[in-house]
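Next up: some structures, all given as structure tokens.
Below, chain A partners chain B and then partners chain C, in two separate complexes.
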Partner chain A sequence: MFHVKRYDWDRKYQVVVVGGGHAGCEAALACSRLGMKTLLVTINIDKIALMPCNPAVGGIGKGQLVAEIHALGGEMGKIADRACIQARILNRSKGPAVQALRVQTDKKFYEDEMKKSLFSAERLDVLQGMVGEIVIEGGEVKGIVLENGISVGAQALVLATGTFLNASIVVGEKSYPAGRVGEYASYQLSQSLKKARIELDRLQTATPPRVDGRTVDYQKTIPQLGEEEVEGFSGKERPLLPQMACFLTYTNRETHRIIKKHLHLSPIKTGGVKGRGPRFCPSIDRKIINFPEKERHPVFIEPEGWRTKEVYLQGLTTSMPAWVQKEIIAATPGLERARMMRPGYAVMYDFAPPQQLHPTLEVKEISGLFLAGQINGTSGYEEAAAQGLMAGINAARKVQGKEGIVLKRSQAYIGVMIDDLVTKGVEEPYRMFTSRAEFRLILRSDNAINRLRPLGHSVGLVSDEEMEEAIELGEGVNAIIEELKVRKLAPEAVNQVLGSKGGNPAREPLRAIDLLKRPEVRIKDLAEILPKLRERTPRELFQAETEVKYAGYIDRQLRDAERMEGLENSVIPLEIDYDQMKELSFAAREQLKRIKPRTLGQAARISTVTPADIALLSIYLKRKEIGDTGDT
Partner chain B sequence: MYEKDTIAAISTGVGEGAIGIVRMSGPDALPIIQRIFLRPGKQDQPLENFRIHHGFIIDPETLSRLDEVLVSVMRAPKTYTREDIVEINCHGGYMAQRKVLELLIKEGARLAEPGEFTKRAFLNGRIDLLEAEAVLGLVKARSEEALKIAARQCSGTVSREINEIREDIIEALSGVEAFLDFIEEDLGELDEKHSIRLLVEAHEKIKELIEGEHLGSIYRHGVEAAIVGKTNVGKSSLLNALLREEKALVTEIPGTTRDAVEGQITISGIPFILVDTAGIRRTGDRVEVLGVEKSKIKVRDAHFVLVVLDASMGLDDQDREIIELTKGKRRIILLNKVDLGDLIMPEDVPARGAPLMKVSAKTGEGLRALEEEMASLIIREDALSSGDAVIMNLRQRSHLIEAGKALGEALRTIDEGGKEEIVALLLRESLDHLDSITGKRYQEDLLDSIFSMFCIGK
Partner chain C sequence: MDKSLYDLIVIGGGITGCEAAWTAASRGCRTLLCNITLDQVNLPPHISALFIAEKDIERVLTDLGGGIFLQALRRSLLGVFSEPNEPNAVISLDKREFSLVSKELLENHPMIDLRQALIGAAHIGDNIESTSIFGEIFTAKKALFAPGTYVGGRIRVGKSVFSAGRYGDLSSDELKKVFEDQGFKLVEWEGKTPQVVDMRRVNMEGWRELPPAGAAIQDIILGRKDIPQVRMKAFWRENQGNICYLFPLSSKTREAQLHQKDGGRAPSGVMDEKAVVRDSVEHSCLIVGSAAPNPLKGLAFAGKFAGKNGYIECALDGRDKALKLMGEG
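Showing the complex of A and B:
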């Protein structure tokens, strides 16, 4: 074999990660921890782990993602816990499956903590520079060349470039090239991807203006305080900073009048902003257009940290001209005298439609090239971090010659997200919602550790000690449930628990577990009469209670998951030739060829593929299996 | 093994005599048969392998006896599918088979997809590579036939109603989901009463669809089959020949049948109500005009149409008009009076794929074949169709029943003050079943609905 060496690499690494945002940080850390000699390339070292939009991590759907990242051995949960300046459990009044932690963060502190992790990681170098070209030979990634001429060889490459590809930002009638306000945009890399036959498309997103917190009249707002005694994402790390309050105000008729008056200047009206934006995060001008009958919209005033006076105006996202933004702010109660520090803006950028990816996040046509974060059409720090972690794990495994890790839909929100991305693609920036997860009751924040830690451990990101913690949690929960099953409560005891709750009084002995199944009974009520429960941690009690309360429905979801198992485990070989399968419908064949599903389960989720197509496919697979063994 | 569930289907074709087999394969086949099979005097004895057992199929809920049957039990692995197989030989014809099959589904079996027994046999290694080719062909043919039928009937009232039900549930679910996922946005008040009203109505509609007159009726009252044709082509004679009795008034004077005349026959266990209509022709006679109008209505309402042409006279414009009038219907075109002449060339008849049959009501020629074709048209569509205006097939029925069950449970959960995420789970389960009928996927529609109903984005 002759190998033509095209480049005399200036440096060589096993994995190179491009982009220092939330995806890039997780990818780089995962690779270095898995033993890879890793390089993180970023346009600006001072902007690593930046939060360019809202100063918060977690929330409904997203909080579950962070819990999973943490369970798998990722970094985001720990850092968010340390940088927390306010923590709240959202959906507290609803069931445990839809409750989620959200923490407000001190942005600079978050960046600094993440940088500490990066700079203390072994085998991980950081280099400032902009990538000009990806070097690909024979369908394999070989390395990158920076715009300043430095060349870096790599066995695997993770691109986590966020909104920087071919990016331009828009404020009012002005538009200029930038990946984020005040930063560069990357054009050559976009060109290089196109040259590599990676299909690119456009999306847009936007952020609200920031004002000087000292100029806000908080008397006119409603304070939003955090909760005390909230266990963070990690269950270990504590906030290292004093806590802060958020404040709530509402737009009013005057705000809306001003927006309407200047609507003709809105880039979404003038066509200054093109590409599809997130429907779940519309600009204030978009809200006025789509819901003209609404008399007010909430505006959350959120501090960005201790070392700045900037506050974030969640709800006033817009790319209207800066002077209009000023008027909009001034018309809103509490913000009359607020001084704007940074105007809001929109950014339009290239992304790579994610159907081009394997569920490992590797580009199908280019071996060793992984994409993560907004380049895949997602939105949000948590979504990005989760992909970064998976791309990092899979890039390292690629170098080590190991099989990629793909999480199932019944296993993790991360699995749901990646399956959605690679199977259905995106029509707008993709954000996680709990309604996207069909197995919502089994994919909870409280059991993320039970679900995913063993995997994180076997991959090599979770220490033995951390694994032990997961085992203990599982055993603790089982012990509680066992105790609830065996303890029969005398009617007097039952009625003591029921007390003032108003449930039907008992006449006969009742198993503790059956008593807990009643909606009005909580596990802490039972702990009063069952001393063994008092030996258990709050975490164990919460999970045991959840398992008991959801019992029948959890079984149902597990059964559904098991039913899917057969299809999910039927792997479709990559070299399969759909054109040979004349029996498939035309529409199904075209989509199967494009998406190249990895399993029959994934194939069944493609919109044009019918149950009959799946039956045909399964027969082809079996026939191939017989045919293959027949040859040997 | 790819699947772990138990499948069931009627596995005899039409015209194979009165005894038909309902077959069941999978891990629950034995437990199910043990629940519903009554063997007087032998109830305690085990069902021996590869033996035929006599007894009755009983609905354990109503304790009603569905049919007298012979049951064979074949335990895995030495069976066709390499799974446990139970075969139930029914005596009562197609109707009885259908009832038994419905019971199996109620007891937890799933209606088999086209060619699924063979597919399982193949996937479980029972048949070889060569046979696999045949399986592919079979699955393809069956699915194509199903597709064709579905396409023809997709504008039917059932699919329209199912879509309405589906949209109502999606709207209600959007409310539930929006308040789970977007709690901090200013969503306003959720009009809970409106959502519950939507769900109660959807639940009612599902129940109506399952039990409804116009749908379930053919299995309770029979398939309504209209006999149409211009005057004096022998409609009444045909009716009489099929009924084998003199019910319709038969004369040589055109237009003698002035009102619809009915009679019932049973073919392969399927009851057909034959309706003789007044001849459709342009006429000045007032009484007859009424009859003609009534006939047109009968054609519109019928499940099934027999178009009668006079083979001894040749095809004319009136015949063509009638064929055109019935084009959307399930129909057979008859060339009657072939004993007197055979002047109509089949290729001249604009049949659009409808079967064309030569018969003579007078001599009885071709009548047997006609009966078989009538039954086979109904059974074929019953087994395969989806979205039919008139006949609801078993697959639809079982999904509708499940959708209704989940919806009912959701309503009970709301009533008892249960958690929103449980209500959502049950509504989703209901939608999953409706989507299995319509082939749609609610997931995407759900997000669209949420974003159109609520101002999301704090």
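Showing the complex of A and C:
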């Protein structure tokens, strides 16, 4: 083992970030932008910001995360916009809360752009190396020791190691130790974490095969084109590459017959894959088991970028033996002659059950140690990046002696995610969905800037100029709503708008805002007769339209959020002794002791804690408050 | 199982393997090129520059003409310089771009199939059956092994020694066994890669810009005159009697490689520790020794694994061995 003389470091930084994936990149950039002397350590600099799975950023729930990352001053949204080769608004026909942007990206271009940001960030050094040990003394992080013996002192440490902890990859009955195909994993770090009494558990995830785009029969597929006019995540950056098409095909009975026939070889059946997999991103074998009645499953054929012929088969994730994968592909229309370039595979890895974390992502028992990304049991680039950003912000604030930033559930999807993680833990790799957010009508992508930019600005990640943008957006939206309120439209004008849309023709003058509330009327229809609206940006118009059309629902969620605020603002002191509170149920007491909720609101979300327990806690806190006052 | 029979399987997608695959494929062979990962193909493992004696330039480039090495080199050039006090040209390249261009060229070649596979076993009979670590079997009439440093490879960095084909990559001990079982004698080889530093942290005092090469040399190397001649600067300085170079690694990051003319790591004092982005690593792997039996029919070893050194020598070896293999049939 390593022997480090106390505080005799080869190098010293304020914050060290371990891991160069999506979480690590955001954490390192945030720290350096907040004035920290920062070191990013990665096993391989050539693989920084690699997208090892799908060539896309965003999607339902995830797109909202990216919008929030951008609003707070993170990087992912900008880079995804630049590397975009196709943008789509998902759920366009549904309500605004569940609409989400998803962009296909050119993977190599994405990596390059992220690397440019890292290598131009001030105060940020990048170092290739593998961490052998975390040095902890007296419950505080002191630094790390690399495998080459170099020791690096740090006041805060962010671990964003992805799937590399004690990992092995699996295909069929074959398995070998690796973090990703061809890359060795980190075993010493897992040991070091266990030594620091951090509990580790196992999860798994998998990726589909890639095939040679030259061998796909696109005639048999349905082209999926992107939208012409889409504002990206950032609303500012434009795609730097020409756009590309995706293609859709479906599995069929033959595909399913092959899968069923060889199901006994699937690692999920043989037990070759241990640890729980992502239920919401299931392998094709899992889909066949769970949905035997389905006659087909969609397969999206997605390009991985302009400079490669490799295409990604979204929907065919599997870790069946490679020869079975080949048969599955060949049975699927359009892919009969498709040549596999990379077989799909599963990876099993260690993660740290996130109930061990404060909502700041700091490990409860180890001051200065922050965990972000897959190590916390999540899945997805966006979930990782969002945690990386928050861990980075909070690591920097820790060093600066400032209080950590915790986003509320009513404030951001990021808040929902982290609250879910630290309060409930994970049973499977955690993926974001709109359904996880109880206030999703107020947590929309389009208002992420209004919601979070002021916070990003006060934290110090958002420039004055960018803040100005948010203020202008808010003012623009208000101006539109004002205009809609004051403009009374004559019946002729109303009927002109209604035109062929149907709906009851107007006989009386009507306020523009009331007309907009009709489901068949869109704001662009009103813009035709209200010139002032035409001066406004599409983003402002979209947001105003949503605010008007859903005003009732939005108001209700705002009121609900306010009501919850009471519980969320009832802070539970960290030194609270639950053992003293005999009235609490045993199960509730044990979980409260483990999770150490910060607020009554968080306590109420712990599964074993009942409303009766919350009532008891609430009384206890009030009594304590009065008691304290009595003492002085 | 994979029923398709290739004319040639090339194992290893480095400089040697890519040139071999390209050579065979361009002469009509159906070629399967396997590499441990498709995230990186043909990534130059060592320095991001080439030194060629001026008198040899024309011959070397003619020998490599039409090959993938030269095409990728021309499309990833960062500059063509003259070596101070020596009649040598120095070609500085963007390693990542070289790798990306190579992958593009390979994927677009009608006779090449590129495949991600770590080969762990080979059965040599009438045809050669190579088995990946995932249990896939690839059958070809002939095989060319160009596994570079991935056979029994180990890396030494500071105090630690661990198995690795390259830094961050797995090595293949299984392949080592395959060769030993076939009676080949393997000998250990050792080498070093230079440090990489963050240009922003380098104190440029004492460093001088490398002068661009003369117009005639530029024209030969560039092949076309409209390619910008110097996109990134390269630097040199004298250091304890030796010449030390600083070559840009890529136009996208601010990394540069510190190369000591006589090889190895630049002496301390030239660079602040905090400038170091990638440490120098010592590398050992097993290569086919001189006492190897006559190669089996239809089988060839090339490049580093056959004891060659240097990008150009490896590319030429890949080409020559591929031609020889085809001539046999």
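Descriptive notes on the structure:
Here, the second predicted complex is superposed on the first by the 619 of 632 C-alpha atoms of A that agree within 3 Å, B and C clash if a C-alpha of one lies under 4 Å from a C-alpha of the other, contacts with A are read in each partner's own complex, and residues count from 1 in each chain.
Keep in mind that, in the parts below, a contact is a pair of C-beta atoms (placed from the backbone, for glycine too) under 8 Å apart; a residue touches a chain by one contact, two chains touch by 3 or more.
Not measured: the values here are computed from a predicted model.
When the shared chain is aligned, chain B comes close enough to touch A:K94, but chain C does not. In the superposition on chain A, A:D125 contacts chain C only, with no contact to chain B. Of the two partner chains, chain B is the only one touched by A:S435; chain C is not. By the touch criterion defined above, A:R279 lies against chain B but remains apart from chain C after alignment on the C-alpha atoms of chain A. Applying the stated contact rule after C-alpha superposition, one finds that A:G172 touches chain C and leaves chain B untouched. By the touch criterion defined above, A:K294 lies against chain B but remains apart from chain C after alignment on the C-alpha atoms of chain A. Within the superposed three-chain model, A:K108 lies in touch with chain C and out of touch with chain B [touch as defined at top]. When the two complexes are laid over each other on chain A, chain A has no residue in contact with both chain B and chain C. Across the complex, chain C meets chain A through its residues 1-2, 36-40, 43, 96, 100, 103-104, 107-108, 113-116, 118, 132-136, 157-160, 162-164, 167-170, 196, 198, 200-201, 252-255, 273-274, 276-279. Against chain A, the residues of chain B that register as touching in their complex are 1-5, 113-116, 119, 122-123, 128-129, 132, 135-137, 139-140, 143, 146, 177, 180-186, 188, 416-422, 424-425, 428, 439, 441, 443, 446-447, 450-451, 455-458.
Chain A meets chain C in the complex at residues 10-11, 43-47, 50, 108, 112, 115-116, 118-120, 125-129, 132, 146-150, 171-174, 176, 178, 181-184, 210, 212, 214, 307-310, 321-323, 326, 339-343, 345. Interface of chain A with chain B (complex): residues 60-61, 90-91, 94-95, 97-98, 250, 278-282, 287, 290-291, 294, 296-298, 300, 314-315, 317, 433-436, 438, 440-441, 519, 550, 553, 556-557, 562-563, 566-567, 570, 583, 607, 610-612, 615-616, 618-620, 622-623, 626-627, 630.
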